[in-house]
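When the chains are written out, they are named A, B, C and D in that same order, and each has its own residue count from 1.
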Amino acid sequence: MSQDSLDNLNNRLKQFAQARDWEQFHSPKNLTMAMIAECAELVEHFQWMTEEQSMNLSADKHQQVAMEMADILIYLIRCAERLDIDLVDAAERKIAINEARYPAEKVRGDARRADEYD
Amino acid sequence: MSQDSLDNLNNRLKQFAQARDWEQFHSPKNLTMAMIAECAELVEHFQWMTEEQSMNLSADKHQQVAMEMADILIYLIRCAERLDIDLVDAAERKIAINEARYPAEKVRGDARRADEYD
Amino acid sequence: MSQDSLDNLNNRLKQFAQARDWEQFHSPKNLTMAMIAECAELVEHFQWMTEEQSMNLSADKHQQVAMEMADILIYLIRCAERLDIDLVDAAERKIAINEARYPAEKVRGDARRADEYD
Amino acid sequence: MSQDSLDNLNNRLKQFAQARDWEQFHSPKNLTMAMIAECAELVEHFQWMTEEQSMNLSADKHQQVAMEMADILIYLIRCAERLDIDLVDAAERKIAINEARYPAEKVRGDARRADEYD
């Protein structure tokens, strides 16, 4: 039976933190700070690029970007573990909410935020 | 045969964006901005809490936090799709790098950043 | 007649950008990305600290933190210049709004957000 | 004799926090979280805009953006006050560093980060 990839990562990250006695630092408050710091490192790669350039990264830049995205996923998984949140279940519920909030026929081609619609 | 949860989410999100003709807005540059905006909404929940309080959320707050984390995962998956990045593979490679950079016996109980070690 | 410190910084930053032909990159969209990236570098200094530790920085850390805060102010001034926004006037108006939203006698010692009050 | 606008804002914000007994929440750690949350609200306004659109805001959007920038300045001033950092002095020192790191004749029209130059 295959095991889910997120579960595998979660277990490995939990062991990593425990082996280093780092769980004492991993409060949800602190983990969200670490997560947004990693997210900003991702943003930084794109800040002076055009949108077009952001879709056509060099091999080297692509590699760096992949590692920043990995960091975000890592802290997201850690934070979910500490709060006992099932990320996949939460994402499925949020997608269902978005499907109801943004009916395809109403918002097609329009990126305004939901609260800007009447 | 079971299919991986991240793959399932990715497919569903891709269809969601295509049905709304929103892929035109989903450049990696734009998606990283959306991702960090969601990440900040998560941070906002914790900004005036103590670390202790952040570990003991009310049921209502827990639910809101789960939805913010879902948003981050959603944009992370969308951004990875647009850049053709395998998130799980990237995370596994990054964890291996971290295991080498932070040997357990050297950093136990110490949260300083790698570049602050001599 | 004394001239205002923010005006002086604004003029110097404008000349800095023009001398390097960097105004082409300084769209408000891009400048907000640069600003949040700098803000995250500030957050990163504090992510594993206790609140107590964050109030008692070493001289070296204090210096680094001051430079990160300088970066945020620099991008804030640049962004305001590009959008023709008077930062001081905006701040004064926002403080007046906050004074009305959060009457001292109602919110004393309570950090909940305005929209959480009934 | 005129008094500096940042000093005026700092005094007013300090009184605002003290009158509400909010200084107990205003550790530098917490204030950086609040600051990045406000910064993300600014980013959110621009995430689906083109760069061109970000330079041509409607009157209503311009007003909202000014209020988000005010929030960032407010938390920046609060954080500097708590850490006893002179923002203007820090910005002047940082600009001098940038002038040395990015000589105009070397970087003209090129937005790569300093560490990407050889």
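FYI, a residue touches a chain if its C-beta (ideal position, glycine included) is under 8 Å from a C-beta of that chain, and two chains touch if they have at least 3 such contacts.
If you're wondering where the values come from, they're calculated on a predicted model, not measured in any experiment.
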Q) Would you say B-D or A-B is joined by more C-beta pairs in contact? A) A-B
Q) Could you state the distance in Å from the CA-based centre of chain B to that of chain D? A) 25
Q. Between chain A and chain B, what's the gap in Å when you average each chain's C-alpha atoms?
A. 2
**Q.** Shared-contact residues (touching 2 or more other chains) in chain A
**A.** 25, 30, 32-33, 36, 39-40, 43, 46, 48, 50-51, 111
Q: Make each chain a node and each touching pair an edge, then name the shape: line, ring, star, complete, other.
A: complete
Q. Across the complex, what residues on chain D touch chain A?
A. 32-33, 36, 48, 50-51, 111-112
Q: Sort out for me which residues of chain D touch chain C in the complex.
A: 1-2, 4-6, 9, 12-13, 16, 19-22, 24-25, 27-30, 32-33, 35-36, 39-40, 42-43, 45-46, 49-55, 57, 62, 65-67, 69-74, 76-77, 79-80, 82-83, 85, 87-88, 90-95, 97-99, 102, 104, 107-109, 111
**Q.** Touch list for chain B against partner chain D, complex
**A.** 25, 30, 33-34, 36-37, 39-41, 43-44, 46-48
